[in-house]
Structures are given as C-alpha cells and as structure tokens.
Amino acid sequence: GCSSAVDQAKQASGAAGGTLVVGTLSDLTPSAIYSQSTTSMTIGRLLYDTLIRYDRATGTPQPAVAKSWTVSPDGRTVTLALRDDVKFHNGRPLTSEDVAYSLKTYASAAAASQLRPAAAAVTAVDTADPHVAVLHLAHPLVNLFDLLEFVLLTDRETPDQLKAGEQFIGTGPFKFAGWQRGQQVRLVRNDDYWNGAPKVEEVDLKVIPDETALLNSVRSGQTNVVVDASVQALTPFRGNDAYTVEPENIWDVNYYIGANVTDPALSHRAVRQAIAYAVDRERILHEVFGDTGSVNSAPWSPDSPAYNQELATRYTRDLTKARDLLTEAGGAPAQPLRLSYNTALAPAKSVAAIVQNNLADIGIKVELEPLDGAALTQTLNSGRSQLWINPHGFGQNSPATLATGAAPFKPEGNLSGYRSADYAALVERVWEQPDPDSAAAHAAYDAYTQLLSDEQFVINLVSTTVTNVYTGSVRGVDWNTYKYLILDKATVK
Amino acid sequence: MSELSHQLEPAAPPAPPGPAARDSWRSRHRFAASLTRGAGLAGVVLVAMVCLAGLFAPLLTSWDPVQQVAGSQLLPPGAGHLFGTDQLSRDIAARVFHGARTSLLVAVIAVPAGTVLGILIGLLATTRPLADLITQRVFDVVLAFPALILGVLLALVAGPGTPTVITVIVVTEAPIVGRLIRSQVLRVRELPFVESARVIGAPGGWVLRRHVLPNSLEPVAVHVALAFSGAIFAESAMSFLGIGVRPPAPSLGGVIADSLLYIEIRPWFAVAPLAVVVALSVGFYLIAQALGKAGRD
Amino acid sequence: MTDTDASLLRIENLAVSFGTRSDRARAVDGIDLDVAPGEIVALVGESGSGKSLTARAVLGLLPDGARAEGSIVLAGTQVVGADERTLNRLRGGVAAMVFQEPQTALNPVQTIGRQLIEALRLRPGFDKATARDRAVELLRTVEIPDPERRLDWYPHQLSGGQKQRVVIALALSGRPRLIIADEPTTALDVTVQAGILDLLRRLRDETGTAILLITHNLGVVADLADRVVVLRDGNVVEEAGVAELFRTPQASYTKELLAAVPRLSTTDSREAGTPAEDRVVDLEGVSVVHPGRGRAPAFTALEGVSLQLRAGEVLGLVGESGSGKTTIGRVALAVTPPTSGTVRLLGRDPRTLRRAELRALRRDLALVPQDPAASLDPLWTIDDCVAEPLVVHGAGDRARIRRRVAELLDAVHLPAAAGRRRPGELSGGQRQRAALARALALSPRLVVADEPTSALDVSVQSRILELFTQLRAEFGFAALFISHDLAVVSEIADRVALLESGRIVETGPARTVFGSPAQDYTRTLVAAVPVPDPAIQRRRHSPSEKETP
Amino acid sequence: MRRHLLTRIGSGVLVLLLASIVVFVALRLVPGDPARVIAGTDAAPDTIAAVRAQLGLDHSLVYQYWHWLGNVLRLDFGTSYVIGGPIGSLIGHGVANTLVLTVTAVVVAVALSLVASIAWVVRPRRWLDTVLGTLVTVSIAVPPFVSGVLLVLVFAVLLPVLPASGIPPEGYFASLDITAQYLVLPATCLALPVAAALTRFLSEALRREWRQPYVLTARALGTPARRILTRGALRNALPTFLTVLGLQTGALLSGAVLVEAIFAWPGLGQLLTQSVGARDYPVVQALVLLSVAVFVVIQIVTDLAHAFLDPRVRLEGRP
C-alpha cells in the first residue's frame, strides 16, 4: 500500500503530451528579460516572439512575426510586414505599435540590454499601418537582424507587472501560469499560437541551484531537460541510452583572459602577447571542456561571418616566443599578477589554475583571486583588476554586436580599459556596413580582428557551447542563436 | 597562641604553588597515561599518522601539490601516483598530505583560540550583571547568525584564505564555549564545596580557578572534542563553497569538493581525502574522550 | 518463595575489591553473615571497615570498579554475578535499602510524591490513585506531618531529617522482606530517631520484616538489634546476640567500642570551662527569613535568636531536625546574613567589612559541614582539600604544608593513603574526618561543627572528640557544636542551647539542661536518647518486659 | 518570573537591532553591487546608475538604514532586487519548506540522540561505546555536503528508491508517505551532525546523573535502569540538552544552506545563498533578521523550559 515518490515523479513528467520539466540553476530575474541572461534564455522564446528567426544552418534570417522585410538601399530604412494573426496572451492583437514599443524599451538604459546600441540606432518607427512597421535608422546597421532576433515583443500595457514578475504577457507559444519564487515557474500551452499550438501541455521550470542536484534530478526522473550542464558533470550520462546529451551548436561561449591595460604590469602589448603564447589552449579544451568546442585565439565562433582561420590559430603554445616577447617587454612583472575568476563558474576555476601553471613556465607569477559573480563584476568595473578569466558571448553573429555590446570589447569603457581612436574607428566601420556579406564588410571584420589579435587585451582561449541533457523521452528541443530555449515542437513521451 | 600557630604565620612568601602544583603534575601524568592505552592510543595513532603524513609529505610523494602534469588528468591510483591525479592533473596524494597540514593548522589554531576566548568571555560574564548582559547579547548576535553566512560575509569582505577560515571558526566557537562555561559556572558556584572554599576565606580568583572552573569544564571538554572535528568540517565546507583556503593551495576540504563532481565516475578520487578527514576527526575525538575520562576519574 | 534455608540472607566469604588486577585493594575481606526472616541484625564497626560495601553488595549495587567475590544468597537467589533483571526482581521487593547520606538520595527535580508513586507503581496492583493513597500512608508512617500536602514538595524544601524519612518511606514502598538500613538515623534528632526505631521495630513485629542495620550508634543497636556483627578492616571480629555482646564482649575491639560509647551524663563531674571575656560570637535578636519566591511562602528559619559564645567555650546546639541549627551555624560564619538583628564575629560586624577584611576574618572561622560529601571538591584529593586553607592563607612553603597535612590527617585518624584519594573514594566517616581536618588546619578561633561525628563509629568518635577537646585546650577556639546526639553534646559542650522551630527554648550548662530539663520539650528529647544497654532499652519499650532469651 | 521574561524579551529586541545593523553594514562592505548584478556584466555605467537610483541605493547609508528599519517596523520588508516581488511572500514559501525540513531533522536528531544516549549509558559496554562513539564522530566528521552527495548517489541514482531532490509536488499533506520519502534523505543528512552533537552531550549528562546518589536509591528499589533514565535522570539532564539544542539551531540553519542546495529543497537556505550571491540586500537582511528572531525566541523558550524543568528555579526564581 505504499506509493513510491520516484514512480510518481516519473509518471507526472513522462505522461504523453504532458508536462516538460526543465531544470535550471537560477531563478527568473524579471528585470533581466531584456538582456541575454538566464531569464531570457529560459522563458524568452517560450512566452514571447521575435520579429525574425535566424536559420542556424545558413545564418540567414527567416520570417517570424515579421513575415517579410525590405531594407532601403542606403540601409537606413527597414520596412517590416507583420503577421496579422499574432495575439498577446490577453487576446490583444499585436500591432506595429508593439514593435515600436519593444525597440524603444531595448534602447533605454534601464533595460541593460547588450543590443542597446543597435536598438538605439533605431531613431523612429513609423506605425501608421498596424501591420507594417517602418524602422528609421541613424546609420546602416550591419547587425540589424541580430537585433530583430534579440528583441522580445513584450506587452506595452504591462511593463510594471513584468518588472515585478507578476505578469508575463507575450505572444509566444506558452502562457505564464504562475511563479513560486525560488522554486518553479509554470507555463501552459497557448492553444491560439499563430504558428500552431505546441505539443506539450505544460512547461515547468524548476530552480535547482546546485549543479550536482540539478543533474541528479534528471537521473531520478524529476526533470526532463537540463540546460547548460558543465562538461565534467556529464560523464555519467554519456553512453547511456536513457539520456541524450546535446551540445547546442552555438559556439559563442568564449573563455578568455582579460588583461587590464591600464595596469603598469600589463600595459606593454608584448607582455599580453607573451601570455597569449604561453597558455596551453589544447590542454584547456581537453581537460576543462572535454573537447567540446575548439581552441580559438580570436573571439569569433567558427560560423560567424568574421571568423578568420589564421587569426583563430595565431596563438598556440610557444614558450620560446613567449619568453622572447617578455624579454622585449623588459622581463616578467616583478610582482605576482592577480588572476580573478568567478567561483560560481566551474570551468573558470580550472582554466585559471591551468593558466597560472602555464604562466609560471615563462616566469610570470600569478596569484589566484576567487570571487563570486557580483564581486568579480565589481572588480572588473573598478579598473583595479589585472588578469581575469571569464567567458564572453556574441561571437556567433555579426561582429558588430560583439564590438558594440559586449563589455570586454566596447570601444568606450571596456573592461580592459583599452582605448584608441583606431579601435573606435574600426568598430564604427564594422558597425555601419550596410551589407553584412559584402567584401567591404569582410575587410572591415578582418581589420578589426587583426587589431584585437595584435593588442591582446582580450586573450581568447577556447570557443565552446552550452550542453543540454534530456531524458530519453524528450524530442524536439530547439533554441535560437542567442540560446533562447524553443519548445514549439518539443515532445515528451 | 601556641607554637603551632606561630609556625603558620605567613612568614614565608605567600601562596606557594604547593599541593596544586603537585595535583597538576599528577593530573598531567594521568592525562598522559590515558593516551597510552585503549581508545586514547588509537586516537593518538590516527592523528599522529596524519601529522606525520603532513610533515613528511615530500618523502611520501615526489610530487608538488600544485604541480600539473599535462596529459595526466584523473588518472587512477597507480605506480606513478599513489592516489591518482585530480581534474587538473595534480597528484592527489601530494594534495591530500599537504592539505592535511592546512586542515591541522586550522584546527590546532582555531579550536584552542576559540575555546580560550570563549572561556575568558564566559567567565567575564559571570562577574557582573552588566558584563553578563553585554556578553550574552553579543553571543546571541554571533550565534544567531547562521555560521555559514557569517563565513560567507567575512570571506567576501576579507577575501578567502586560511586566516578567514580560522577567524570564522574562532568567532563561532567562542560564544558556544562561553555559553557553556557561563551556565556551568552559575551552577557550580552554588555547590556546597564552593561555599566551603569561600568560608575558609579563599579569594574569589582562587575559588574560580581551583574549584569553579575545573568543575565546570566537563561539557566544554565534550564540546572541544567535537570542535576539532567540527573545525575540520568547517574548513571543508568553506572550501566547498569556494571561500576556504585560497587555491591552488591544497586543503582537505578543497580536494573533497573537487572530487565530489567525479564521485561516480572516479570514486577513488574522493577516497583518500575523505579517509584522512575521517581519520583526523575520529582521532581528535578519541583523544578528547580519553582525556575527558582521565579528568573525571 | 519456599527456601529450605532458614536464613533470608546468607553471606559467605564475601570479598569486595577495587582497582585493576595488578593493583588490587580489598575493602571487604571474607565476611560471613546470616539474617533470618524477621530478625534484626546490626552491623557495627569501625568507619571504613566495609559495612556500606557489604550492604551494597547484597543488592548488587557496588560502586564502579568494585568487584564482589564469594556468595550472597538472598531469598534463595545468588546475587554475586547475577544479571540486572534478576537483581531488579530482588531489589525493592525482597530487599530494600536506606542509604547513608539522605541529602542526595532523592531526585532534586521530582516531587517526593512522584518519587514514591513511581516506586509503588513498580509493584503490581497499584494504579495512580491507589499509589497516591499509599504514598500518603507511607509518609504518615514515617511521621511526615501533613503528608497530603507534602506529596507535592520537592526534596530541597525538606529538612535533612525529613528527607531521610522520605527515603525510609521509599524503602518501605515495596513491602520488602529485608530492609538494609545504612545509618538510617544519622541525620535525625533523637525524638525522630526514636520514632524511626519504633517504626522499624513495629515493621519487624507486625510484618516480620528482617532488618540489616548498619550503625555506629550502640544505643540504637541496643535498642533494636537481636544480633550484632562487629566488623573491622573488612573482617568479622565478633558476632553475638545483643544482650550477650553488651554483657560479655569477647574481641578486644568490641570492648574498645563499648568503652568508647558516650553516655548522656547528667551529673556534673567535670569542671566547667573558664570562658574568657571576649566574645567570639554575639548574636542579638537574629532572625532569618527565607523569602518566599514564586509559589513558596516565606519561611522563618530563625526567630529572635540571641546567643553569645566566648573564646574557648563550646556551645552545644541541639534540637530537632529542621529547627534551625545549621542556619545558626551559617549565620555565625557570616555565610547567611540575618534578616534582622545584629551579628558580631570576633567583635566585628561582617556586614560592614570589606572583602579583604572579610577574608582575613574567615581565617579565624571554620566549618565542619553537615554534609561532607557535597562540601569537598569532587575533583580534589583529600590531601589538597585539607591543604587548601593553608595554601590560601599562605601558611608556609610546600614541604611545611605537606607535613602539616600529614599531621592533620593523622590527628583525625585517617590513613595517609586516604589522602591521595578523592572524596568519592572514601567512606562516609572518612570524609567527615577529612572535613574536620580541613576545618582545623588553620587553628581557627571559631569552629562551627555541624554534626561532625554523625557518621563515625564510636571508637573513632571518641578519639575525635578527644582530639577536639585537646585542640580546644591548646588553641582555645570557641565552638558551636551542632549535634542531635545528646550524649556527645553532654560530653563535649560547656553550655547547650535547645532549639525548637527557630527559637532557643532552653539554654544553660550542659549537665543542668540534660540533668534537670526545665522544658517539656527537653524532657522528651532526653527521654528519647537510646541507652547503650539492651536490657534498659527493652524495658523501656515493652511494659510487659518480654525478654528474649 | 514575569519580570525575567520581560527583560529577556527586551534583550531579544536589542539583539535583533544589533544584528540588523551588523548585517546591514556587512552587506555593504562586501564587494559587489546589486545594481551591477541586475544590469549584467555588459551594462554601461549610466545603466548601472539608473538601476542604483531605482533601488534607492544612491541615498546615504544612514538614510537607507533608517528607511528600511522604519519599513520593517511596519512589517514591510521591501521587495527583492533580483527576483522581484514582496519579500514577505517570498520568504513565506521558503519558511514553510525550511520549517518542515528543520523540524523533521530536529525530531529525528532528538529521537536518535535519546535512543543512542540511553542505550549508551544503560549498557556501558566497551564495544558499544566504541561503535557509537565512532559513529557519532564519523557523522560529524563527514560533512553534510559529502554525506548528502553519497546518500543521493546511493538511494536516488544507483538504486532509485527515493527522490533525489525537491519537495513533494502535491504539497506535504496530500500523501504522507510520499512526503516522508521526499524528506528522508535531506532530513537525515541535516539531522546526523546535530544528532551526533546531542548524543555526546546527552550521554555525558546522563552519565553524570547516573553517578548521582538518587539513582542508587532508585536502583535499590528495583527500578529498571531505562526507567530511571527516562523518568528522573533525563529530566535532570534536559537543561543541558536544551541549551545544546538551542545552540544547535544556528548550526541547523547553516546546515540547511548546504543541505537545501544538495537536495534542491526550495527553502530559506537556498534563498539566502542566492540572495547573498546576487547582493539582494533586502532579502538577505530580512532572512538574517528572521533567523536571529528565531534564535532569540528559541533562547527565550529554552530559558523558560529551564525554569520550568528545575523546581528550584521555578519555585524560587533562582538562576
């Protein structure tokens, strides 16, 4: 007469058409919905829609809420034809006003969006026709479609409720059904979804902040999907038919060593290059990332239009070169260098240890400074840092997105304190290309990458991706180019 | 007055250590003896083994605890590496033996420091109502803070490292000892033999040192027995949370924390550090228990 | 049970030893003893001779580390080596025990009612209500006044004597066939003692309960016992019927014992002391009221007591248990402050003294506590306990103190080996002597001796009293001698004060007060003193003069 | 007695106030800025300033504290910076979960320690002494994060008989046997060190009681040893026991932080670590205040229990 909790949990999550339980390390932060964050990556594309969708295989934009578009020859006017059957969860039809609102939201400082510079380049949106949105741009925007895939179409009538986490009204395939803060979020199927109702009735997001516990929850059948599991933890799942281990093929997780160029010990370019030559990227890729990904001394993922084979492999471990460079710079720094990293990121800890070891080989002493996420951010922004290990994103799309929006690279106020007129001009040049695939654009990308490669204020190490685990019954999990989870077609047996 | 009472005039320098010293010699002897047999001996052997391993770590393994040998990640125990290698291709044996040093150092500094501090403050509390009020409230505040959060905050402010671990243990240990001492002193102080010592005119300090304190120490002794094990645990827990000993320096807790991720696929990774932690705690415990027994008999 | 054996308890060749195999000390060394049903056997002998250990061995309750060898058959069951369950069947029901020190024999956090009821409910046939009724009855049997109300009292609310009576009531609760009473009346004043003895006798007469009585009071032995076994150094030195023993003692030790028995002397043969003029203690209208806290009402322990003690004078303080004797002693030692009235010690009012002055004053005061078990630090050796006052007051260097301690232990007839033990390892009498040695260490000017000989056998007692007298002569200290043993008081005290319910009812030279008591109360007391002569005692109890052959 | 209680409550309030200042200041000494956490690593300085202003972090420290204290006195703990929503309800969920877990753990720990200590004292056998002693030590020596991982591995993963993590999906009262299965592992993990500590103290206290003469009296009456211990001695030992238990509540809360993480138990411990990590000041402040309040209440209750248990105190008000 005693029922088993294990069986019960398996039944609940495994029922046909039933509930898909997604385990995640952290809870929603409603205010982070406009930036690439855990929040947008989990619920962004479940509750909301975007205007276009990249075909990830070809990198070409596909229609979504915008069924077609035209870009004026000068690249400064974009006309989006919107579908007329898109409705918010509260029944209100989506119009061009909503597009205008969303773009404006992303352009504001408070949204803290990485694509804010791009959104801010949209000077006006013509909403005369409710189903046509005409975007006026300040200048040609090479990463226009990055923006259009990034911006979530949120409800303009309930921004405050969104911020407070009370209402999440979008046009997406699932509707918000409740949030027990710190525990779980319930989403139910939107039967009126314009692209056809999803297969599963319900999606639950379970917050399990401990990684081991998170993975155990898949194994004990309490969750069906775990997003972003660290490679080390995955071994037991490999070669087991009951689970699918799937790396998302968005190679935009780029681990790098940041160097503060305003610090006297690191102001000499040769020192930074010496470091770049001293690190053993192959070992890092193998030992820390289990060979998921590739060694990379440039920030671009292999499918980015800016990817440059030569520069991506420019720095490989070469101690002689490294030592020569150090000599050129006047020897290794006298004082040990501080190498900060985020303790919450398991790979960062290992990478830091390996880097410390590698640099010892060329006589650079390194002291590790483990910090939690908040403290690391503070340190990086304070300008008191020396070296740090962190991942950066946005290497997968248009280079402009990274160059203008990612903190390590921004021409103004980047984390390394690197400033030069050349650099700013190059970023401008990359950004204002009207045609991302033109030869001119590629020339601009190469010039930009070359400068990064020479200056090495960001010393790229490896490009890797996020790896997901599913129980065997789960099929059809997808994501967009920003790794926003898509469950439109997902099933669970 | 008779001649006998003349003899007794304090012509000689006052308060010689006399019988008390003899007593302490005898108790020292008794305490020492308790460690040469039975459970006490087992405890000494366990702790000594770990101490020796820490002391002679360089002889037991030729590896440096922070040395990484590319290409030898997570090797199983074998000829080259006594306990295998860790996820960063470092020799686990070297890390465990050197880590034991750290853990021992933490325990051996932090626990006595916390205990002595606690005893002093606890005694202070029994002297005046005002002192009692203040110390008790301060104890309350410290005790009421979940120790881990105290540790986290302290580590965040001061940065992780061995001194932080020691500080956290001392700060959380002292109030517990203080409380125990205080309540015991309040109880023992009322016992007839204490009154009988006062009646012969023994000064307050004497009564406290010779009668009240020794008779109040039993629960403290029990607690201290646990505290050594607790300190080793606290170090591990803090290292587990990334706020312990600063990497890449080895510590037992750090090695355990590293190993947990591999507990299923590389179970031997966890064996050595766990064995040492258990050996240390059990050893300390057995010693403290034997001493406690010796104190009682 | 149908035991073919005529004896209820048969002890054969019992030995009790302590310590490890290599370092073994035999405290009891081959004792043989029989108790027949309905018989009262007295076990007398030197303090530390193994009486208590023998008694505890009978119930399998030896202290940790003690080992019994030989044979003890209790109601047909072998006790030596028996398991706990067998023992528990015997304990309480077949044989019950009354322990030597009543102060700690009761659980301090349970009401006495609860303790009685618990004990009763161990027996078949008692539910809560009947157990309660029986508990009241038992308390009444042991003459606790107002038993219904007292059921809800806690031990600390009772006087020492009352506690002892509760302990006896507990022992009676299982209607045992044998009661082992280890100094059952030590803490009791003579009237209550007489009551208890009556009670025990009645028990034997009415229910046929056998009694193994351990006592050093030969008066009690003469009063109650049928047969006497005399122990010394763990051996039986003599065994005889009570009348025979008193009439014709065989062993020299027995003779010595009998000779040492103090008798209530009513004729003034001794010259009265010549007290000096300076007053050591001067109490004027002293009252002590224990304030009622919580639910407890205020209690007046002393009321308007005036009392003077001159240097070199011994004042005997007698009175029934709970009458305030200890309280007076505490007032005289500046431990308990009086609620009203004035106290002057050695001419000074302790309340006006500063701490250091008070300490200096205390050098001249000493206490022999009523309860030495609790008054000696359990962690200290006897040597250190005795040396403590010397060390505290800086009385010489180490060697000198050690010599002095040895002298003192010798003076109270404690073997030097006892000095290295802790209080818990001594017999009751040995502890009391240690406490006495400690009190005398500094040659005080005032000694408050609270029942200093209550646990001593008469031979040691007489030696101690002799010592006391001798030291007094030597040092001229004044003494407040508290005792319920009127005979002892009559021997040692110059004057006596009689206390009743916190008031002094009669005072005067010892011989006068005891010889021609002015008060009824005093007369009752004197009449209740058992005389160490079985013939007289028997005559006192039975008007029909039913003599045993 | 009543006056005693009043002073205890007064000092409790003092403790709360002190603790609130300590946590308020300590949090702001800790490097890391909630505004940056919210705005993300890539945010520009003006973004961060905007967020700071929104959170009211641009005011002076004293003003912030005063403002916060004022609200707290009106039982308004503010809103979470990061997760959003009023903290009252945020904590509300966690409180229930943590309470269920810790209370279960306390009950388990108390039961375990009672059984173990009584067995230990009643039958002083050398082997039992050694076995129990070693068990006690090992359960202290092996920290919860290790025992937790091992427990999960064995019971939830290798032989999946118990759920690995989380709370009963249908609430605690839907089906008690399901609830029990969810509770077994985390409660055991949390209870073990507490039980071990309690056992040490309790058995020591019981042994001390066992040497008291009144135990001899009871034994001489044929009272079985277990009964003596449970009726009389235990009660005398209870004050020590309660003191230790009261002190262990702090350890329990710390343990809860680890155990809740390992077992994904959505309680306050988890909330606390997350909030510290995110520098979610109001949540951390509220949680610390709550745990201090719980501690203070437990102390007062222990105090009263002390008084209640010892008639010498109860009847005469001695300490």
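As written, the chain order gives the labels A, B, C and D, with residue 1 at the start of each chain.
In the analysis below, a residue touches a chain if its C-beta (ideal position, glycine included) is under 8 Å from a C-beta of that chain, and two chains touch if they have at least 3 such contacts.
This is a predicted model, so every value here is computed, not measured.
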Pair with more cross-chain C-beta pairs in contact, given B-C and A-B: B-C
Chain with minimal offset from the mean of all protein Cα atoms: D
Separation of mean Cα positions, chain B and chain A [Å, integer]: 47
Euclidean distance of C-alpha centroids - chain A vs chain C, Å: 88
Chain A-chain D separation of Cα centroids, rounded to whole Å: 39
Touching two or more other chains - residues of chain A: 212, 344, 372, 375
Set of chain B residues in contact with two or more other chains: 156, 260, 264
For chain D, residues that touch 2 or more chains besides their own: 30-32, 149, 157, 273, 318
Pairs of chains in contact (touch as defined earlier), listed by label: A-B, A-D, B-C, B-D, C-D
Footprint of chain D on chain B - complex, ascending: 39, 133, 136-138, 140-141, 143-149, 152-153, 156-157, 172, 176, 179-180, 183, 186, 190, 218-219, 222-223, 225-226, 229-230, 232-233, 236-237, 240, 253, 256-257, 260, 263-264, 270, 274, 277-278, 280-282, 285-286, 289
Contact footprint of chain B on chain C as seen in their complex: 333, 335, 355, 358-363, 365-367, 369, 371, 374-381, 383-384, 387-398, 400-402, 404-405, 438, 442-443, 474-475
Complex contact set, residues of chain A against chain B: 212, 232-233, 235-236, 280, 283, 286-287, 343-344, 346, 349-350, 352-354, 356-357, 368-370, 372, 375
For the chain B and chain A complex, residues of the former touching the latter: 66-68, 70-71, 73, 87-89, 156, 159-160, 242-243, 246-248, 260-262, 264-265
List of chain B residues in touch with chain C within their complex: 1-2, 4-5, 7-23, 191-204, 206, 210-211, 214-215, 295
